[in-house]
Structures are given as structure tokens and as C-alpha cells.
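Next, two complexes with chain A in common: one pairs it with chain B, the other with chain C.
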Partner chain A sequence: LDYQHVQVPFEITLWIMLASLAKIGFHLYNKLPSVVPESCLLIFVGLIMGGIIYGLNDRSPPVMDSDIFFLYLLPPIVLDAGYFMPSRPFFENIGTILLYAVVGTIWNVFGIGFSLYGICQVKAFRLQDVSLLHNLLFGSLIAAVDPVAVLAVFEEIHVNEKLHILVFGESLLNDAVTVVLYKLFRSFCEMPTIKSMDVFAGVGKFFVVGLGGVLVGLSFGFTAAFTTRFTKDIRVIEPLFVFLYSYLSYLTAEMFHLSGIVAIISCAMGMKRYVEANISLKSHTTVKYFMKMWSSVSDTLIFIFLGVSTIGENHEWNWPYICFTVIFCLIWRALGVLVLTFFVNRFHVNTITSKDQFIIAYGGLRGAICFSLVFLLPDFHRKKLFIAATTVVILFTVFIQGMTIRPLVDLLAVKRKRETAPTVGEQIHIRFLDHLLAGIEDISGHWGQYYWKDKLEYFNSKYLQKILLREYDQPKSSIVLLYEKLERKHAIELAQAGQLSHGPAHPSFLCSAFLCSSSDRTVIRDQKLEDTLNPDVLDNIQEILARNLYRIRRTGPAYNRHTLPGDSEPTEHAKEILILRHKSL
Partner chain B sequence: LDYQHVQVPFEITLWIMLASLAKIGFHLYNKLPSVVPESCLLIFVGLIMGGIIYGLNDRSPPVMDSDIFFLYLLPPIVLDAGYFMPSRPFFENIGTILLYAVVGTIWNVFGIGFSLYGICQVKAFRLQDVSLLHNLLFGSLIAAVDPVAVLAVFEEIHVNEKLHILVFGESLLNDAVTVVLYKLFRSFCEMPTIKSMDVFAGVGKFFVVGLGGVLVGLSFGFTAAFTTRFTKDIRVIEPLFVFLYSYLSYLTAEMFHLSGIVAIISCAMGMKRYVEANISLKSHTTVKYFMKMWSSVSDTLIFIFLGVSTIGENHEWNWPYICFTVIFCLIWRALGVLVLTFFVNRFHVNTITSKDQFIIAYGGLRGAICFSLVFLLPDFHRKKLFIAATTVVILFTVFIQGMTIRPLVDLLAVKRKRETAPTVGEQIHIRFLDHLLAGIEDISGHWGQYYWKDKLEYFNSKYLQKILLREYDQPKSSIVLLYEKLERKHAIELAQAGQLSHGPAHPSFLCSAFLCSSSDRTVIRDQKLEDTLNPDVLDNIQEILARNLYRIRRTGPAYNRHTLPGDSEPTEHAKEILILRHKSL
Partner chain C sequence: VGVPRGSAPVTALLSLAVTSEQIEHLHRRFKQLSQDQLTIRKENFDSIPDLEFNPIRGKIVHAFFDKRNLRQESDGLADEINFEDFLTIMSYFRPIEMNMDEEQLDRFRKEKLKFLFHMYDSDHDGKITLQEYRNVVEELLSGNPHLEKESARSIADGAMMEAASICVGQMGPDQVYEGITFEDFLKMWQGIDIETKMHVRFLNVDTIAHCY
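This part shows the complex of A and B:
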């Protein structure tokens, strides 16, 4: 027996196997996951395993290595989150999300840090040796909402899309703030004196870390898209590029002390559209499947490890500090959400209701990121107290909040996600309104969200697509393609119903589709067939129609005041923009 | 900049990226790969990279780590080979393959070992310090044909299926022999005296290593199939089990010093059938795609590393030893193939032609396995000579033989693989003949290949399927399913040709299919549609029809002499076998 030789891969495989089998086990009994979130069950499995290891070896079980967490377990989850991010609600609420992520997190860090420092001043608690800086450092790691925990809980409770994206987007984007504040306070702890310069440098660094992450991510994303232009003859390695480039973007960002999470999300969101157009359908299935698989396994492993690492002798128990940490985490989050939402609601028509605010505040779960960060702390005499407090906060949020959030959502009758996908008609209307609003903004000289979206779309179809896509197919033919697809669908249905005639048939509908240039007929047919189409086909139809609508707006004469039909050249367009800017000033 | 923190994953990702980009690069220029095999190009890239590293650092570039090769790079390739192994030609030729793999490899080992020892006795060559045991040890590592190299070259030259499976099967199954002989001679080298007991133990060990590998593989394979019975609610982690269990089988076999290659192949071949039936279509696409992707990347990395590792100061040059190694490798392989084929041809109707024999002998390429084994040798004063000789043999076989084998195949007009897939009619005929022959063997009491195949099929449908498959669906309905599939296919064609009528149609064909119980009509329709069906559909049809034919034989009254129609109980069957055995004795 030569165990040592195969130990590393063998143990990794066994852990992954354990995680997968645990997942299967939970799903065999359907009743359990409907009451207790999977994350709680997994932590529970981890606690039992940790207990067994502790009992057998009589020493603390191995703690989840922070390097393993940040380098191998976290990236798949974030990649999956970024790749499947619903981009429309995300960009519609980007302002609010950033406000929560940046201002909210800073608010929480300082709120928790200062009030814990206040607690430390009470002599009876015997905490006077914990300095303000250490409290702020602790605040910086405990303040951030954890994307893994949020995803695990919110995926099961199906709240409405906006609420979901607000909590989830915040948990992803606060990484930049957490990274900066955590590293800032850690280096302050080690410095003899702190100059005001250092504080300003820290503020400046936040922009570098966040925007740098976006830049790194986008450049890797576009490179990935460009690479998949050339994989036509060797389809089999296409999925690899999606994973390799995203992972490289994460590692590169980490290497330069930028936000890896922000980088990998930008990379995934940047590449998705082009990569999907370039790679084959089977490659795409593989990419989607493997991403989901990997993130699901990582997620499972994280929660199991969290449970295992909880057991042991790493903790120093101090009732007041730990209890007040939990209380302050709850209070400052609630206050932060209330205050920020007050300002957000003043500038929006579609306001965030008080029920939604409650769920946002209550959904601020902490998870494995805090846990890994607290173990990365430099050794000092109160580290074990911080570890204990972090563990309690995580277990409290995941177990108590995670288990009660579903009944609360039911009780408050929070608006749920709509069960049915929007009909094609609705989608077309939304798109149409987008273009209409972009046109209105264009004319009125108000540069809002629709205007920029439209500009981006123009830039995309004019330059990016030509560089990044394999063949820039004429959108004109796509309506015909759509028609063919629907026709095929219809034929399959006829065959399944056994109503197919085999003789030579009537003059085809396809010919008439060629003759009839308007897309109205297709739209009407859509509506009829719509409930028999699956979501993938619907998405596709939506895309095609949207692109065509866009083209109509771009090429149509009625939308441009200053150009004659047919001569809307880029230079003309530039002139138009100048005139508009002049007017708006 | 914090490079050290991300170094390991970053460099791994970069190497994989380099490999993938190299692959894309070769395929961009179509002319190059048609002359030079990809493996040569990759070694060439590796040589250049090695040269650059050597030039920059002024020291030998890092050598491919044998552990990395055996634990991480080899398993994906072998898994892919085992999973996509064409099982029919493999089992038809299993005797010949085993003869080549076991006897042929032993012949080569001793042939090369003893004749090199003879060379070492020539005083002028200054090799007298290389003992017989060391020569045999060297022979044991240089004798084995390499599956990675064979696959890389033979996938490009498209020889006929039998020839391909003979060379490829040999290269896979000789692993057991190589493992035993290599470890045996290595331990002999370290022992002070060798007893005859040790030699016998070595012979016995061969069976343990080979059959143990098969056993480990099959048990993991069946466990994998059993596990996928329960993944219905959580489709997304299905592909994981295929990879995890195969990898575990490999690692477990390696742990017990069994043949990992044999284990992973048995695992893949054992699980394939059941896993495919259990998992969803998308999971299956992912499994196939990822397997191909992984093996293709591993393969690329191996050849690049081979090139990189060649550069450096690991070599001791001795002209006679190196030249004679190459010559003996060629001679002993040729002799072995000739002698063994002579015996094989005496017992087979379908003989191996002399052209085929030449290609088998010439296709005995050496590759990365030899290379890794030579670096695993214990340190002794002539190790660098062995490394040099191994490198030369690998480069000679991959470059000279690999590049000339395609022109030789053209020149000799070796029978190629048939371009078109066999028609459904042909396939049905083959299956029908199989069942007929099984029946004849059954009646005549001759227990040949068809008899055992039939018994295995019976055991499979009676027990294994019920344990391992999610729902044991009635095969009766599958012909109806097939008919529906064909009907749908036809409908799509009609729609594409624009000949679909939209009115209420004639009485359906489907109804008449229900009424007409014989499968003849379907078969006739198959033939008509056959050239419009893709290979996947064809495979499926073949499977369904084969299963139905099998059922006919099982349940039909005409084939069993001793039972009345309808009462062929297992106990009756056992009686029948007893009577047959009695007669044949």
C-alpha cells in the first residue's frame, strides 16, 4: 500500500465525492430541504465530520485553508454568478447596488468597529486591550455580506428579481471595499504611526482596486471572445477558454491586489455575449453545465469545510464581545439600509418598499469570506476571540436568519418572482419602449440610462462585434431563420400529434414569409405558439427581434431629426450629438 | 505585486493556455498538420520553449515531474480512450490483443535487455559496468508501446478498425506487464541476492496486477452507475460522478500497486452503458465533451513537456549504446509481431495480412510513459545514459516513424477505415448473425465468443440493469419511440423543404405503425431515410433494434429445443445447459 503517493489527489477527490453524495442525499428526501436551507444542512454535516475527526485524533481538525478558499473554491462560484447574472436588472439598479456595496459597507465597517470599541471600554468586560484599530479591522472583515451565503439562501426563496439583484449585487461588489479596508487596517495595525497621507492613499486605492478589477476583467473577457473566433476547426477545446481566461483574470487581479471578484464578474459579463455567438451549441451546453456543476460543488465544499473548521480549540469565548458583535451587525445593517434607501427612493419612481427594505437588511448573511479573512489575520493575542465572534456571526446569520427568512417572506407577502417567463409580446414591448425612451432621451438631450445603453449597443454592433465575432452575420436573415425555426417546431408538433400528410403539399408558408417583409406576421404567430416554446427558444426569439427592432431604429428615417433618410453616416451622427450637447448646455 | 501567492494556479493555467493556443495555431494553417503529426509539432514547440528557458536561465529547464504525469496528465487520456473504446472490435480481438500485450511485451523486454547486455560486453564501447539487471530494467521501460503516442498518430492516419484496435489495445493493456516487470527489476537491482522464489512471485504478481486492476475498475464503474440512479433531482452534478469514480479507480489501483490504466479502462467500459441510460442528455454531452477536452489538453501538455524536458544537461551520450537501443527496439518488435501473428493466424479465419503486420510493428511508438519511468529510476551512475537513450528512442519513433507511417500506409495501400458508417440494414444483419451464431453455439454445445456474449447480455438484462438503471423501461415501446423519432425527422425535412401542409391531415402513419406489429416496415423506412440521419441517431436505432432482436431470441419458441413456448424459466435454462454440457463432454 502506497498511500502517500496518491494522497493529495485522492483526498481532494474524496472530499468532492463526499460533497456530491451529501447533495444527492438531501435531495432524496424532499421534505428536508424545503424547511432547512441546504447551506445549514451542509454546515451541520461539516460539524458532525469535524466532531468525528476531533474525537478520533483528539486534536482540532484541519481548518479550511484561506489560500485554498480564495484560489480554488471561490472563483467557480463567482464565475457562475457573473456568467448567469441577469444583466438587465443588474444594470437598471447598478446605482443602488453600488450605493449599498460601497457606502453601505463603509458605514457598517465603521459603525461596527466604533461601537465595539465602545463596548471594549467597559471595564467589567475585560476587553480593554483590544485597540480601536483592531476593532476596525474586525469590523472590515465582519461587515461584508457574503455572495456564497446569499446565493445559497436567496436561490431557494424566490423573491422578486429586483430585491434579489439588490442583495446579491451588493454582496458581489462590496468585495472591492472589503479588500481595501481590510488591507488598509491590517497594515495600519502593523505601522508605528499613521499619517493622514496613508488615509488618503487608502481612499484613492479603493477606486484603483474596483476600477482596476473591471479593467482586468474586461480585457481578459474580450481576449477570450477574440480567441474563440479561431476555434472553428477544433470545437472540443472551446469551453476551456471560457474557464481559463476567467480564472486568469481572477488570478491576475489578485496578483496586483485588485478585486478578483470584480474582475471575474466583469470578465464573464464581458465575454458571454460574444463567446456564445462564436462557440458551438454543444460547447455552450458544456460551458453552462460545467460552470453550474463546479460552482455547486465549490459551494457545497465551502459549507462543509465551514462546519468542520468550527470544531476545535481555535476559540476564545467572551460573552459580551460576541453577543454585541451579533447585535451591532444586525443594527448597523438595518440602519444603513434604511438611510440609504431613503435617499435612493427620492431619486426613483419605482421605489423600494419597506417590506423589501426589511428583507434586504435581514438578508445580509455572512459566510466563508469573513471566515477566511479572520484566519488570515496576523497573529496577535486576541485573534482567537475574533475567530470565535466571526464563527458565531456566520452560524447565527446562516442558521437563524437563513432558516427564518423564508417564513418571513411568506408572512410579509413580499412580492415574489413571477413564475412564468414574460411572453414574447411583453418582451417585445419592453424592448420597443427601451428604444423609444432612448430616442426620447436622444432628442431631449437628457443622457440617461437608455441613452447610454443605446450608445453602447451602437458601439458594439459597429466595432466590437466585427472584431470579436467569427462571422458578422446579417441580422436581416435572422427573422427568416426564426421563421424557419418556428415552422420546424410546428412540424414536430404535427408529427407528434400524428397529423402529418405525406403527399406533395400546398405552396409553402416559407415562400410567403420571404415575400412579406414585415415582422408582424411572425410576431402574431409567436403569440400563438408561445406556450409550446421552451425558455431557450424564447430567449433566442427575443434576441433576434430585439436586434431587428434596433436596426429599424438605427436605419429608420423617422427617428433622426437632422438627417435625411439613408444618409445617417457616423460623421453626421457626430454632428447631431454636438448639436444636442450644445442645446442641453 | 504578489506573484508567489498565485504562482501555482497561475502557472498551471498558463501552461494549459499555451497548450490550447498551440492547438489552435496548428489548426489555423491546415497544410502543416496534414504532413507532420500534431505530436511532432508539439514536441517541437516544447523544444523551442526548453531552449528559451535554457538560454535565459543558463540551467536545465524543469523536467516533467513523473508524479504529475502519472497522477494528473495520464488519467484523462486513458479515461477518454476507455470511454470511447469501440467495444465490439475490442472484444472480438481481445485474445490477439492480450497476446501482443503480454507475450509480446515480455519478449521485447528480454530481447532488448539481453541483446543490449551483449553489446555492453564489447570492450571498445566502454559499457562493461552496465549489469544485466540494469539492462533488463532499461528493457522493461523501453519495451512498452505508448498509448498516448499511438493514439496521437493513429487517429490521424485512419487505418482499418481491426488494425487500429490491435495496436491501440496492446498499448493500453501492456501497462500491467510494464508495471510488474519494471518494479520487479527495480527491486532486484536493489536486492543483494535474488532467489528463485522472487521470480515466481513476480510471475504471480502479473495476474494480481492485471486482474486486480480489472476488478477495482469494474467495482468503481458499477458504483458510479448505481450512484447515477439517484441523481434525477440534481442533474447538474451528474457528470461529476463519471469523472470522480473513474479517477478514484485509477488512484486506488495505483495505491495498491495495481495497473491504474487497466483499472480506469475497465471502469469506463463498465459504467458507460448504464451511466448513459441514467443521466440526462445534456449531462451526457457535457461528459463526452469534457472528456475529449481534457484528454486533448493533457495530450498536448505531455508532448510539450516532453520537448521541454529533452533540453538540458541530463544526458550522457554513448553512440553505440544509443544506436543499438534504437535498432534493437525495431528488430525485436518486428520479430515479436511476426512470430505472434503466425500463431494468431493459425487459429483465425480472418487473418492479419503481412501489410497489417508491418504497420503493427512499425506503429510501436514509444512516448511519455517510458520517459516518466526513466526519471523514476533510482540514482545510479549510468542513469543519464538511460535517459539519453530513452529520449532518442522516443524522438526517433515519434518523429521518424510517426511522420513516415502515413506515406507508408498510402504506399502499401493498407486497408483503410470505411468512410461511411455501416447502414442500418448492415448493422441489423450483423446483430442478427450474432444471435444466430449464439443460438448455433448454444445448440452445438460449443462455448465460444457468441455464447458468452449472449450469456453476458442475459445476465445484464436480468440482474445488472435492474440494479443499476433508474427505470427498467419495457423494450417493447422503444420501436414505437424510434418510429416517432423518424416521423419527426421526416417532418423537419418537409418543413425545411417548405412542403408542409397546414390543414387537417390524412390518417396518420403513426396509427398504422401501432397496428402493424412487425418491425419490417420501420426497417424499410430506415433504409430510405438513412443517409439523412446523423451517426448519433443511427447508433440509437441500432441499439434499439438490437435489443428488440435479442428479446425475440430470448422469448421466441423456435430457438429452444427443450422448452415449450412461454415457459423458458431460469431453472429450465439451467437444466438445458447441464444437458448441453453433458453432451459436449
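This part shows the complex of A and C:
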């Protein structure tokens, strides 16, 4: 039995297996995920596992190594979040998001730090030796909202898009502030004296960390887009480039002490447009599924480890400190959101309602990032106190806030996500509005949001697209993309129902799809179709679609006699009217 | 400061939450465009360099001279517009105010959508026909040199069909759908909150703090 030889990979695989089996287990019992969010269940499983290990070994179970967390478990989740971030609402609300992320986090850090220091002054609690700096350090790691926890909870409650993007964007971007403050206070702890120069250096460092992260991310993103330009003949490894470049951007940023999360997000957002135009459809699907799979596994592992690490002798249970930490976290978050929203609403037409504000404040969940950061603290005699406080805060936010947020959302009747199918018409209208507003801004001489967006688009089409996109492929407008996507979907539906024809003329798919979407399919079946769908044709659905899509473009929708001039009788009718015609049974 | 006051329509406009600073800014801009004349013609819009790259440039300029937008009883196109008319058009893009009630909001929304409707409906017959819709899509996609003309057409046709299914529901055989009327247009835009989207933030923050 050669266990030593395979120990490490074997144990890793076993943990991942446990995580995945736990996930299956939850979804087998249908009602559970709607009441208790998955993250809670996973922590619970972790607690059980930790208890078992503790019972067997009679010593503390393995604590989640901060390196493993930051280098292996966190990047897939953030990459997934950044890649699939809906860029339009994100950039429309970027001002608010940045305000919450930067100013809000700083407010929370100092608020929590100073109030806890105040608590430490009370003699009865026996906390005199926790200095201000230690409290500020603790504040800096506990104040930040955690993207993993937020994602896990908000994914299930489907609030309206704007609210979702505000909380989520904030949780992703506050990493820059957290990194700077944490490192700053930690270095202050080790320095004998602190001069004001150091404080200013800290402020400057914040800009370096944030902007540096963005730059690193964008450069890797554009390099990735450039690389995919040449991958036409080796489609198989195309998805790999997406992951490699993103991970490299994260590691590079961490290497230079910049914000890795901001880097990987900018990389993903920067490269997405060009990479998607360059890679094949299959590669696109592969990228999507792998990303989702990795982030899901990471997510599960993180919560299980969180549970496991809770058990053990790492804690010093000073209950006053812990309770006040929880209370202050809640109070300062609520205050911060109120004050900041007050400012935001003065500048914005689309105000954030008080219900939304409540959800933003209540959705400030803490998670594994705090946990790892607290383990990274230098060993000083009160470290265990901080570990205990962090654990309780995380468990409180994930369990109590995570479980109650859904009933609260229902109770307060918060505006939910609009569940309608995307339509080509809407895309057209939105695009029209964009250009109209850009034009009006040009005419009125006002350099506003649409003006800059227009300028960016112009720069993009003139320079960036020429370099980063493959030569023969045209950059497609979102209207065209959506139309093609819908066409493909309907074509597949028709093919599956055995109604695809190889005959010369047939109505446009969109035509027939809209006709038969709710009506009886037997009507379509009556048209003159060769009902031969050979098995090998079925296998090659892509080819069918390509052939038939092309045919669609050539013939145009076949309306009845009142067709387009130039196709049949041009003299017949001056005006074009839309007529739908079923072939009679 | 040279702002034409006193004429009745302008004072009525002044009460419509276009603040005096904005009017001054727009007046300065008007003078720039008209080269210190009292009226602007279509050619004056050529002097705006950034507007050239806008795919729907033609429609935007046309909208300024469209008599329906200028709240004049007649129909058709004006040859030239003065500052009053310029302001009227710009007022379609003012942001909503905090203290509007339901009825005002509704009227506000309808006004903006009417402006858009006139832009789509180029032959002024009160309906957006298939050809007009095609025209819009072709213009929007004109920035893509590689796109075939037929694709733009089929996209417009598909969109028209969507509109038909929203507005008329399930159509029977041989049913004719003439074109999108204004009521149908309203239905199509229901999902998009135009009150908050269709505005231009002029100049300063005082947009919200009104002074009337």
C-alpha cells in the first residue's frame, strides 16, 4: 500500500468529491435550497466534517491555508464573476459602485476600528492590551464585503438588475481598498513609529494598487484577445488561453502587491468582446462551462473549509468583543449605505429607493476573504481573539442574513428581475436611443455619458478591432448577435421537431418560429417539406444551420404575394404590409 | 445676457424646469451653431464634427426641423428654426423631477416616446411601416461594412414580427398588420424605463435643484 506516494492528490480529489456529492445531496431534496441558501448547508457539512476529524485526531483539523485560498480557490470565482458581468449596467452605475466600494469600505474600516477601540477601553472586558492599531487592522479585514458570499446568496433571490449589480460590483471592487488598508496597518504594526509621511504614502498606494491592477488586467486581456486572433487552425486549445491569461494577470498583480481581483476582472471584461468574436462556438461553450464548473467547485470547497476550520482550538472566546464586533459591523454598514446613498441620489435621476438601500446594507455579507486574512495576521498574543470574532461574524452573516434575506425581499416587495425573453426589437430601440442621446449631447455641446461612450466605441472600431480581431470576421453589433442567437435557437427547435427541409424555398425560421411558438405545430408540419432527416444530417446540426441561415439571408422572409419589390412582382403593391399566411390544411 | 425673454412660449418653457443656466448655455451653443444668426438651417448642423460618425445623424437633424416636434399645428418640415424651437426640442430630453405625480410622469413618458415615434415614422403618416422600420435598422447597422443588406432586412422583419405578436397577439391566417401605431409603440417600450434613460445631463448638478 503506497499511500504516501499518492497522498496529496488523493486527498485533494477526495475533498472535491465530498464537496460535489454534498451539492448533489442538497438538490435531491427539492425544498431545501429555497429556504436555506447553499452556502449555509455547505458550512454545516464542513462543521460536521471538522467535528469528525477533531474527534478522531483529537487535535485541530487542518485550517484552510491562506495561500491555497488566495492562489487556487479565489481566482476561478472572481474570473467567472468578471467574465459574465453584464457590462452595460455595470458601467452605467460605475460611479455609485466605486463610491460604495472605496468610500464605503474606508468608512466601515475606520468606524469599526475606532468603536472597537472604544470598547477595549472598558476595564470590565479585560481588553486593554488590544491597541488602536490592532483594532484598525482587524477593522480593515472585517469590513470588506465578500464577493463569494454575496454571489452565493444573491444568485438565488433574483432582485432587480440594478440592485444586484450595485452590491455585487461593490463586493468585487472593494478588494483594492482592503488590500491597501490591510497591508498598511500590518506594516504599521511592525514599525516603531508612524510618521504622517507613511499615511500619505498609504493613500498614494491605494491609487497605485487600484489603477495598477486595472492596467495589468487590461494588458493581459488585450494580449489574450490578440492571441486568439491566430488560433483559427488550433481551435481545441482556444479556451485554454482565456484561462491562462486571466490567471497570469491575477498572479502578476499579486506579485507586484497590486489588487489581483481588480486585475482579473479587468482582464476578463477587457478581453471578452474580442475573444468571443474570435473563438469558435464550441470553444465559447467550453469556456462558459469550464468557468462555471471551476467556480462552482471553488465556491463549494471554500464554504466546506470554512466550516472545518471553525472547529478547533484556534479561538479565544471573549464574548463582549465578539458581540460588539457583530453589532458594529451592522451599524456602520447601515450608516455608510444611508449617507452614501443620500449623496448619490442627489446626482442621479434614477434614485435608489429605501427598500433597495436596506437590501444593500443587509446584503453586506462577510465570507472567506476575511477568514483567510485573519489567519495571515502575524502571530501576536491576541490573534485568537480576532479569529474567533471573524468566525462568528462570518457565520452570523452567512447564516442569519443569508437565510433571512429572501423572506425579507419578498416581504418588502423589492423590485425583482424582469423575467422576459430578450427581443431583437428591444435591442434595436436601446441602440437607437444610445445614438440619439450621443447625437443630442454632441449638438448641445455637452460632454456627457453618451458622448464618452460614443468616443470609446469609435476608438474601439477604428483601432482596437483592427488589431485584436481576426481579419475576415466582422465585428458584430449586439443586434445582429441577438438575432442570430434567436434564429439558431428556433432553428434547433424546428430541427428537433423534425421539420427542417432541404427544399429550395421555405419560410424564414423566424417567421415560422413566431407563428408556431404558441400555436399548434401541426400547421407547420403540413407545409411542403421533405420529411427526411437522415441520421448523419442530424449529427451535423451546425452545417444545417449554416446552410439554412445562409439561405434565410438570401431569400428573405417569404411573405405571400405582397413580397418585397425586386423579389417578385415589383409593380404590384406600393406599400409593404406584413402578412402572415398559413398554408391551409 | 442676450437670452430672448418675454415671448410667451419661452416663458412657458422656462417653467418647465429648464433652468436659466441651462438656457444660457444652450443659447451660447445656438449662437455658435447659427454663426450669430437668429435661425439655424440644416446645413448648420454640418459644423458639428462628432455628429458625422453618428449612424442616425440624418434622423436626428430631421427631428429638429419636424413641425410635429415643434408643437406647431401644421405638418411637414420647417426650413429654419429659431432659439425657441431649439429649446423646445431640447426640452424633450430634460430629466424627471422628484415631485412628479403619476399623471405627470405618464404625460412625460408619452411626450418622449412621441418624439421617438416621429423619428421612426419618417413619412409622417402616424404609422411605422415595414419599410420605415427596415430603414431604421439599416441605418443603425450601417457602421458594419461587412454586413449584407439582406441581413439588416431580415432583422427588421423579425423585429416587426415581434412587434406584431406583442401588439396584436396571435395573428390568424391572412391577417394584415399595417404598421406600428403610437399605441403599439407605447406597448413595445413598456419594458424600457424611458423616463430615466432619455435625458441629457446638461452642465451642472443643479439639474435636480430647480429654481422655479
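Definition applied: the second predicted complex is superposed on the first by the 469 of 585 C-alpha atoms of A that agree within 3 Å, B and C clash if a C-alpha of one lies under 4 Å from a C-alpha of the other, contacts with A are read in each partner's own complex, and residues count from 1 in each chain.
Note that a contact is a pair of C-beta atoms (placed from the backbone, for glycine too) under 8 Å apart; a residue touches a chain by one contact, two chains touch by 3 or more.
Being a predicted model, the structure only gives us computed values, none of them experimental.
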Which of chain B and chain C A:417 touches, first, second, both or neither: neither
Touched partner set for A:446, first chain B, second chain C, both or neither: second
Partner chain in contact with A:433 - chain B first, chain C second, else both or neither: second
Contacts of A:492 with chain B and chain C, given as first, second, both or neither: first
Contacts of A:88 with chain B and chain C, given as first, second, both or neither: neither
Footprint overlap on chain A, where chain B in one structure and chain C in the other make contact: 487, 508, 510-511
List of chain B residues in touch with chain A within their complex: 1-3, 5-6, 8-10, 13-14, 16-17, 20-21, 23-24, 27-28, 30, 67, 71-72, 227, 230-231, 233-234, 236-237, 239-241, 244, 247-248, 251-252, 254-257, 282-283, 285-286, 289-290, 292-293, 296-297, 484, 487-488, 490-492, 494-496, 498-506, 508-511
Contact set on chain C toward chain A in their complex: 25-26, 29, 32-33, 45, 48, 50-51, 53-57, 60, 90, 93, 95-96, 116, 119, 129-131, 136-137, 140-141, 143-148, 150-151, 153-155, 157-166, 170-171, 173-179, 188-189, 191-194, 196-203, 205, 208
Parts of chain A lying in touch with chain C, wherever the complex brings them together: 346-347, 349-350, 418, 420, 423-426, 428-433, 435-446, 448-451, 454-455, 458, 461, 474-477, 479-480, 483, 486-487, 508, 510-511, 514, 518-519, 552-554, 556-557, 564, 575-582, 584
